[in-house]
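Just so it is clear, A, B, C and D label the chains in written order, and each chain counts residues from 1 on its own.
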Amino acid sequence: MKIAISTGGGDCPGLNAVIRGVVRSAIFRYGWEVIGIRDGLDGLVHGWEPIPLGLDQVKGILSRGGTIIGTTNKGNPFRYEVEENGTRVVHDLSARVLDNFRATGAEALIMVGGDGTLGIGRQLMDLGIPCVFVPKTIDCDVAATDSTFGYHTAVGIVTEALDRLHTTAESHRRAMVVEVMGRYAGWIALESGIAGSADVILLPEIPYDLDAVFNKLEGRKKLGRNFSVVVVAEGALPKEGSRTVAVAAETDGRAERLGGVGQVVAQQIEEGLGIETRTVVLGHVQRGGTPSHTDRILGSRFGVEAVELIRRGEFGRMVSLKGQEIVSVPVADAIDNLRLVDPDGQLVATAEALGICCGR
Amino acid sequence: MKIAISTGGGDCPGLNAVIRGVVRSAIFRYGWEVIGIRDGLDGLVHGWEPIPLGLDQVKGILSRGGTIIGTTNKGNPFRYEVEENGTRVVHDLSARVLDNFRATGAEALIMVGGDGTLGIGRQLMDLGIPCVFVPKTIDCDVAATDSTFGYHTAVGIVTEALDRLHTTAESHRRAMVVEVMGRYAGWIALESGIAGSADVILLPEIPYDLDAVFNKLEGRKKLGRNFSVVVVAEGALPKEGSRTVAVAAETDGRAERLGGVGQVVAQQIEEGLGIETRTVVLGHVQRGGTPSHTDRILGSRFGVEAVELIRRGEFGRMVSLKGQEIVSVPVADAIDNLRLVDPDGQLVATAEALGICCGR
Amino acid sequence: MKIAISTGGGDCPGLNAVIRGVVRSAIFRYGWEVIGIRDGLDGLVHGWEPIPLGLDQVKGILSRGGTIIGTTNKGNPFRYEVEENGTRVVHDLSARVLDNFRATGAEALIMVGGDGTLGIGRQLMDLGIPCVFVPKTIDCDVAATDSTFGYHTAVGIVTEALDRLHTTAESHRRAMVVEVMGRYAGWIALESGIAGSADVILLPEIPYDLDAVFNKLEGRKKLGRNFSVVVVAEGALPKEGSRTVAVAAETDGRAERLGGVGQVVAQQIEEGLGIETRTVVLGHVQRGGTPSHTDRILGSRFGVEAVELIRRGEFGRMVSLKGQEIVSVPVADAIDNLRLVDPDGQLVATAEALGICCGR
Amino acid sequence: MKIAISTGGGDCPGLNAVIRGVVRSAIFRYGWEVIGIRDGLDGLVHGWEPIPLGLDQVKGILSRGGTIIGTTNKGNPFRYEVEENGTRVVHDLSARVLDNFRATGAEALIMVGGDGTLGIGRQLMDLGIPCVFVPKTIDCDVAATDSTFGYHTAVGIVTEALDRLHTTAESHRRAMVVEVMGRYAGWIALESGIAGSADVILLPEIPYDLDAVFNKLEGRKKLGRNFSVVVVAEGALPKEGSRTVAVAAETDGRAERLGGVGQVVAQQIEEGLGIETRTVVLGHVQRGGTPSHTDRILGSRFGVEAVELIRRGEFGRMVSLKGQEIVSVPVADAIDNLRLVDPDGQLVATAEALGICCGR
């Protein structure tokens, strides 16, 4: 028996833990052979030689970020973009993928990826490739699982950055605006903001009212706190009709020009309250490096369970964390269905009970 | 309204997060006053002045280990040990505790502690002190909650130590035996062992068979792996009738003399297999220092919820994590009732699927 | 005897170590009293109450970033900017500073700061305030000392970020351009680049030739290395006449619009070589947080020696690290005199021997 | 041209940086070939196949602890211990080493090691193997160089442990005694003790007087500090005639039985002052894991310079850090000649000025 694994989309700490979990349990439990598809599905699109994955290949990778088999943010084989004579053309290369998969001799494919990858996987199943799925999202926004690997490491990195920024903010009596990942879901901003003692947290799920933010910062001044830390998810947006929108209109698309929402908010604080403000955009450091123990364990468990799904012939299912257990769900449950922060849920209420302004 | 908080038993990273969560939510939500009892219940036994806990007192403590109000491993007021004329005498000082509590003017007491503290708390309730409870155990072995703060930080510290020890073990072709916390429950050994790529994990819940350990290490040699990392919970014990027991008998109580189970296992590996072996006892570094973001958030949530229990008058209940939510349970559910690793559960099975020997 | 201390300019990890070193050695060795001037010299400009600095005030601050007495990047009392009727006016407020200093009762002032602060200090000496100096520069560019506190922590933070970015760059086959601090001196870029295994390091001291950078990246491709890490000091500039300048001209000030030199270089790599490239600007996280042990020790030693300078009456001198010893030098040696990377020195030669392109 | 490298003695973070520095500069600068001798000199004793060291072999090792070519604490070929018929016999196998070295085709050998390795190297030179040397000592006690790689990482690990132990010591009002590496030289204890805010530091270079230690701890109590952190180098010894010796005599070799000097001191504090005391022996975690940036840079510079020594034909010399520059010295300068802490030097004086008791 031979099985294949591919990793697609942005990299997350813990991907190598999944690969190692698959390889070790396939070998130790069942004596199976494992191969890795290179760079998402590009290895199948182009017919590149797969990577044999034995015990030696996965030695020492548990503590390493990234993915040893490569990944890509592009490469949907059903809508593959290529450049022909200077223009971008879209082709359906799925037949090639099927041929190349069959040529590898593998009997099943473990696809590790986010929303996009899972959707492509479902189409590959229809084509005749038996797939099982492992959810991957640094933002923790894939539905039908309580958590995903990589997310925990990211929150840890942001929390450490907030710890660092506190001392410099306090020494200079400044506001620091920190823009973090989270296009649709604000989990990273919310959890790191609580852990990193933020004063304001702005999430995509709660359109923010600038007056609420200003009130919070002015309230701190009255308490003798002359510095503030504001965490902003990259997907945060102002409430319609709020002062923010007016400012944005006045400034004629300044947000675009300034960079991201972090810089917009920083400028509004500086102009609106006269507080010296600095912006930090954490960027790619949030997704790299040694995974936390939580992500190593979760990735390993997902990998082990993916092998079990294949053994039991449960194709079309995705591994998932529910409470303390790894279970599986139909992959369809996770597609076109985001796991968002509930504005009326317990975690936001806790943040507000702690005195954090969540933009309302 | 005035409420009191005390922290008892061994310290855990996250205790200050609980205190801060209590203080901030009591003040911001309800305008209550909060006081801290010094050193577990010793402050009430001795009638020491309580510590006023306002916003200034909890500023900056979220990222600090320990507890700003002090703790103690001793001091059960119902059986209080004192030295009189050179001998230890036991007194029931609970009446004094009641008087001194009343003198503080507090209307409720939040007790943060482990099994021992929770039991004392139930007795204080009978005496007439309205209590609510927050579970605290570095070993994560309090029943009726999915997790406790401090545990996550401890697993992180052990995992980092295992990462360090791997490189030195490999360079010298040695076995490293690492003794970690876990008197009754092996959670720290199990989770850090999986995350830290251990070859063997010995837990209190699975009496270990030395032959299984030897087989694992010899199997590694055959694979060309001339080094090994063995994680041993301090409460791990050999299986009756196994070779270990025989060795222990022969050596006339050597385990006692050698220190802990880590050193016993190390010596057995060295003598039995001729592998150069070193022991590391991680000790108190496991419970100190900056809490991880996970423990800061969990501690904060527990603190906020403890205040809610008081507001709702739900005395005798303990805050608890169930899945993603903070709930409450009767404190009796947590007393005399440990949360242990299930030898037949999914996590041990995963460890074994990854090729880790769990001593059987 | 009473002495005063002030901290000016951007904050650095280790400032609190200096303050603590001053306070503890002044008290333990000589029984002196110490006070802290608030926010650089602003405390003297405005006559704010100084902060009494005893053992309790410096307890626990050794491991904390920032400065407990505050700092500011503004506030030259000889040219103090204030807003009057909507326009900025410059006043000489030095007489006020002298009066307020005398009113504190302090007999000497320890000024901790960079080039600007040291220059102001010399003028204060002329005015009659007996000063001694402690150099402070996160970029390690103050002349007349081998090193300064804060710098080491900054290099550690950047190195850790480079470690993280390597895995994500490799997984995605990208170039990552990382812009770090270093306006005039490239020490942070050079040392973190060597430690973090950068492929290219661009420094203010070596105007860079884009062709050299391109050759390096193309050479890596030929070796099968499809990813690269480029470290750019914020003050790096292209060589005149090089392709970079041409591009900058074509694009009509794009550097300005794009943000910093990091983004310019990233865009040039993407356009010139067709390599997917991402930029990270590390920003303020580089100067915050827990100081490394090196900076705690250096700050402590500087603080202890500053007290000795006062005791020996050696005013006008600055403490300095020479080899393994703390010595002192006339403050004039450090003013208008930067410590720069020597393009022909050993460290750059080592980087190049390791295969790193330094832009030439 | 082909050159060889071997690493001997206990492993240090930074060994891989040396190997990588040698390989990269040999290849990039001179096009030489590099091979690695396995496990110190054992590879030459046994005639094992050397490890070819190209760019691929040293990829990614800069941030990894240990040594990819292995090391050993044994294996002096001039006095090689083997077991024959159950007894240990000593042989001179140096002729075999010479033959096997010649068989590799290498024209020079870079020996990385401590005092023992350097001495053996000198004998190998006499035998006709052209050697250059790189000093390696985690304790930083090799003479003729200002610093060595690995040491800095060790001090960082100990400082972090002291930070952790502070919070638990304070919460429980305990004394924590921390035993650290340093058999002959107390650099690790001294530097980490200053950085980690120790109250007492005991070094091999200053025989300690227990009364001085007791005075310090009692003085803290009077200041309301009910906890203390005591750092003890493993090689620390009591002053003759001091109370310690008396206690040791009384207890009939208890030090031996208790483990190390850390436990002796802990017991003396507990018995002498009635303070609850705990001991932590940091052990092997001090020498493992990711090297700090300082050690990566120093190791890289040493490796690059070792290649230069070979190119210039300067055999018999050892690379060395002097101030900011890498130079070379005759290896004889480093043999039988330790770099010790000067009890009358500036660093001890600084520690004492900060209020730290250094045992006198």
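The criterion applied here is as follows: a contact is a pair of C-beta atoms (placed from the backbone, for glycine too) under 8 Å apart; a residue touches a chain by one contact, two chains touch by 3 or more.
Quick caveat, the model's predicted, so the values are computed rather than measured.
Steps from chain B to chain C, taking the shortest chain of touch contacts, total 2. Chain pair C-D has a twin interface among B-D, A-C or A-B; that twin, with over half of the contact pairs alike by residue number, is A-B.
Centroid distances from chain D, each centroid being the mean of CA atoms, peak for A.
Rounded to whole angstrom, the centroid-to-centroid distance between chain A and chain B, based on C-alpha atoms, equals 32 Å.
If you average the CA atoms of chain A and of chain D, the two centres end up 42 Å from each other. Among the residues of chain C, those in touch with two or more other chains are 163, 290. Viewed as a network of touching protein chains, the structure reduces to one closed ring of chains, two contacts apiece.
Chain pairs that touch, as defined above: A-B, A-C, B-D, C-D. Per the touch definition, chain B reaches chain D in the complex via residues 10-11, 13, 15, 39, 64-67, 70-73, 157, 160-161, 163-168, 170-173, 176, 259, 278-285, 287-290. Of all the residues in chain A, the ones that touch chain B in their complex are 20-21, 24-25, 28-29, 55, 62-63, 146, 152, 155-156, 159, 163, 191-192, 194-197, 223, 290, 292-294, 296-297, 300-301, 304, 307, 322-326, 346-347, 350, 353-355.
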